[in-house]
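Have a look at these structures, which come just after this line.
The following pair of complexes shares a single chain, chain A, combined with chain B in the former and chain C in the latter.
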Partner chain A sequence: MSEEKEVEEQSKPLVLEKLEANHADALLAQDESRGTVVVVVRKEQAYAVLEYLKTDPELAYTFLVDVTAVDNSQMESELMQFDYARFMVVYQLYSYHGQCRLRVKVPVHENDLSIPSVTPLWRGANWLERETYDMFGINFEGHPDLRRILMPDDFEGHPLRKDYPLRGRGERERFNFEKQNV
Partner chain B sequence: MQGGLERATGEKMVLNFGPQHPATHGTLRIVLELDGESVLKATPHAGYLHTGFEKLGEHLDYNQYIVVTDRMNYLSPLSNNFGYVLAVEQLLGIEVTKRCQYIRILMAELSRLADHLLWLGTAALDLGAFSVFLYSFREREKLYSIFEKTTGARLTTSYTRVGGVLRDLYDGCEADIQQFVSNFPKALKETHTLLTKNRIWMDRTKGVGPIAADAAVSYGLTGPCLRATGIAHDIRKAEPYSSYDEVTFDVPVGTNGDAYDRYLVRMEEMIQSCGIVTQVLDNIPDGPVNLEDNKITMPDKSDAYGHIEGLIHHFKVVMDGHGVQPPKGDHYCATESPNGELGFYIVSDGSGTAYRIRIRPPSFLHFQALPHMLEGGMVSDTVAVLGSLNVIAGELDR
Partner chain C sequence: MGLDFVGQGAGETDGNIITTTIDKVVNWGRKNSLWPMPFGTACCAIEMMATLASKFDLSRFGSEAIRFSPRQSDLLIVSGRISIKMMPVLKRIYDQMPDPKWVISMGACASCGGVFDTYTLIQGVDQFIPVDVYIPGCPPRPEDLIDAVIQVQEKITSGASPKGVEAVYE
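This part shows the complex of A and B:
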């Protein structure tokens, strides 16, 4: 991700140029992967950067395609790269104006799972952030209605975390077949 | 307020709509707060059909996961199969053969027709137009016969493979499809005569559940629901994948973003899909359907059973740690599914199983925007609006 070739530097995408000019201190890494620009942004400035990307008339990333997260706890290389931040919140953006995509990633540490909500910017962020909260336990600060969405309200745990098993949790306490059969 | 009815005063009534209501087509639930017959507040609830597809993706290998994609939007499984393998192939950095690309477009467009036909039938049925349901299911049945002959299944098609498709088109498939598309515009015209200028249909859908273009973008609407608001955005045009740049078609748009416009946009899309199918049939090249890369695609069955090399390749592809292994990295790939933008975000750690698969379903965001379209309207319009959005519980809850 950090290896930038000199050839590519000449035809730098507009969004990277503008971000470097206006939010250089927020950028942790940048990359162009398979035609999509990817930027990794500090959590503290994430909201400001996303707001800038949405409102800047030349960029106009007005369409928030998706919000999700990745639990990097079993991916050593990613962990090392961003100061052992366990989660990476991923925003997919699209600009109708420039017809291009952008991926914004924000590292989130396990000891501080809060990140500013982007619901004031995009109404569609509401459910996407609720799902990310449900599945990963990321706290979106300022979210109007941060409840579980896919799992039942009384569910414990966050199923898409890597330490959550595919099956088995909670089942065995309720059905202790071994004891009954003895 | 609306329709000249006076608003009942004072008392609010809470109405639970679904998850077993016949007009919800699946396990959708909306809690409506009513004042008389007008909707004050609508709260949609999701999750009744949550099956953990994203978690499963971290435990199945890349080819095994194709069967899971069948079950997302179960009205157009071929489009899901297509979108998923395209994401894996782009992650791998491979491009399938020309014939395969054309076959995939062909199947995706036919499944768009099947999806829109089912939508048309049920949306009209909800509003009491029973004949339309019979007409559209008659056409849909012809498509499902073609799917069954091509893929071996009507619903759980699992047709695509990483690097190709399950099998080439059967003998006489082109003739069957040609016959279908040459008759279809006439059949659709019957529906037009039943609905488009029908007084009842227009009263029930015109101006019902409107959404403005900027609100639609803010809510993340895609596909026909977005185009009905007047934004001519289609991923097949904006980011052409899999030879979509070699066919010509129009992107129909509406103006008001109401249920009637969503209906008109879908009707015109069906005609456009027919055009694409005809062009594909005219230009489909001969040649192999699967990539000749033994590390990615499975060998032909006769090879696997008849030659030792074929058998070894077959085992290699199937065995964990020897088959499809994309390089480390992540990729988001969006395709234009019948409902809108269906995206797969795949994170690979270099092994044969995805580290994380995220599905970006169009219905999830459409269902979220429902209160915006319902509030202030009449309770009977709930069914009309929900029908016009075509929310599929399978991809809503995954």
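This part shows the complex of A and C:
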């Protein structure tokens, strides 16, 4: 019994097996974090991989839980691992079919902040990508309506970047009530 | 209230004639019918709802008639965090209220930003609109809000101008 269990623990999750078989060139790294499979995917193939994950009948990651990003500019270890890509766009997926979660991470370099939008796959990605654009300044190509969603329209900068000061740049004292459209 | 009874002594008018000033009568009316405009943006608003509900019953002090139109209200209760995106909205609502108008800044966040010392949060609404009464607490208990309403009432009784009027004549 214990042997069987050991074998089961050692066996790879289905999603990794299938990704290695079909998108081996896209995979940069794979990991497991608290029971969730984590894969790091090349930006060029990111859309194809996500489409595959959603449409494959065995995997069927049909639920896009969240889209967000991480600014790794002060995480030396992460930077070195992924060719000094400053940002990591993170997609959290869930499969009702397999009852399991998957985290897809895509490194994005600061000099090319664009990444294909996944709104054609999940319509719910619309606002999530707008939030990521608002907070990190990542451009989602093909997004139908890429505007700020939380900060005011005339806000400058992207406040969740690590180089943005916590107390802001004086915007909370500086107000022009006449200019703003209420 | 500044009431004086005329005709102390003898006669038919004994105690039946009252003299006062028009200001005092008007203030008496204002004091007992403060209509609040709630501006609830956070957990303070929950306490404000509790204050208005039956258990704490703000109508005992004549302030239960919540108006969601600023044009019909004379007491603005700012209860909650105000972000830089919300401040122009608050300012617009304050401007729409008819004079005389009073403002209560309820809780730590509205009064000074509270624990949210970040780029997006106004560090005290009194930087942009005049505030008459501040309530400390995070969130304040309903009794604190009742106390603030009574302080506003006392201010009206004393004939003092609202902070907003003072600001205009300064």
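To be clear about the criterion, the second predicted complex is superposed on the first by the 159 of 182 C-alpha atoms of A that agree within 3 Å, B and C clash if a C-alpha of one lies under 4 Å from a C-alpha of the other, contacts with A are read in each partner's own complex, and residues count from 1 in each chain.
The rule is short, and it goes like this: a contact is a pair of C-beta atoms (placed from the backbone, for glycine too) under 8 Å apart; a residue touches a chain by one contact, two chains touch by 3 or more.
Small disclaimer: the values here were computed from a predicted structure and weren't measured.
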Touched partner set for A:133, first chain B, second chain C, both or neither: neither
Partner chain(s) touched by A:47 [first = chain B, second = chain C, both, neither]: neither
Partner chain(s) touched by A:101 [first = chain B, second = chain C, both, neither]: first
First, second, both or neither for A:70, with chain B first and chain C second: first
Touched partner set for A:33, first chain B, second chain C, both or neither: first
Partner chain(s) touched by A:87 [first = chain B, second = chain C, both, neither]: neither
Which superposed partner A:152 touches (first chain B, second chain C, both, neither): both
Per-residue touch tally on chain A - higher for chain B or for chain C: B
Contacts of A:166 with chain B and chain C, given as first, second, both or neither: both
Set of chain A residues, in rising order, touched by both chain B and chain C: 150-152, 159, 164, 166
For the chain A and chain B complex, residues of the former touching the latter: 33-34, 36, 62-66, 68, 70-71, 74-75, 77, 90, 92, 96, 99, 101, 103, 122-124, 126-128, 131, 135, 148-152, 159-160, 164, 166
Touching residues (chain side chain B, partner chain A) in the complex: 46-47, 50, 52, 54-56, 58-59, 90-91, 93, 215, 217-220, 231, 233, 238-239, 328-332, 334, 341, 343, 345, 347, 349, 355-356, 358, 360, 364-365, 368-369, 372, 397-398
Interfacial residue positions of chain A with respect to chain C in the complex: 150-152, 159, 164-169, 171-173, 175, 177, 180, 182
Chain C residues within the chain A interface of the complex: 84-85, 87-89, 91-92, 117-123, 127-128
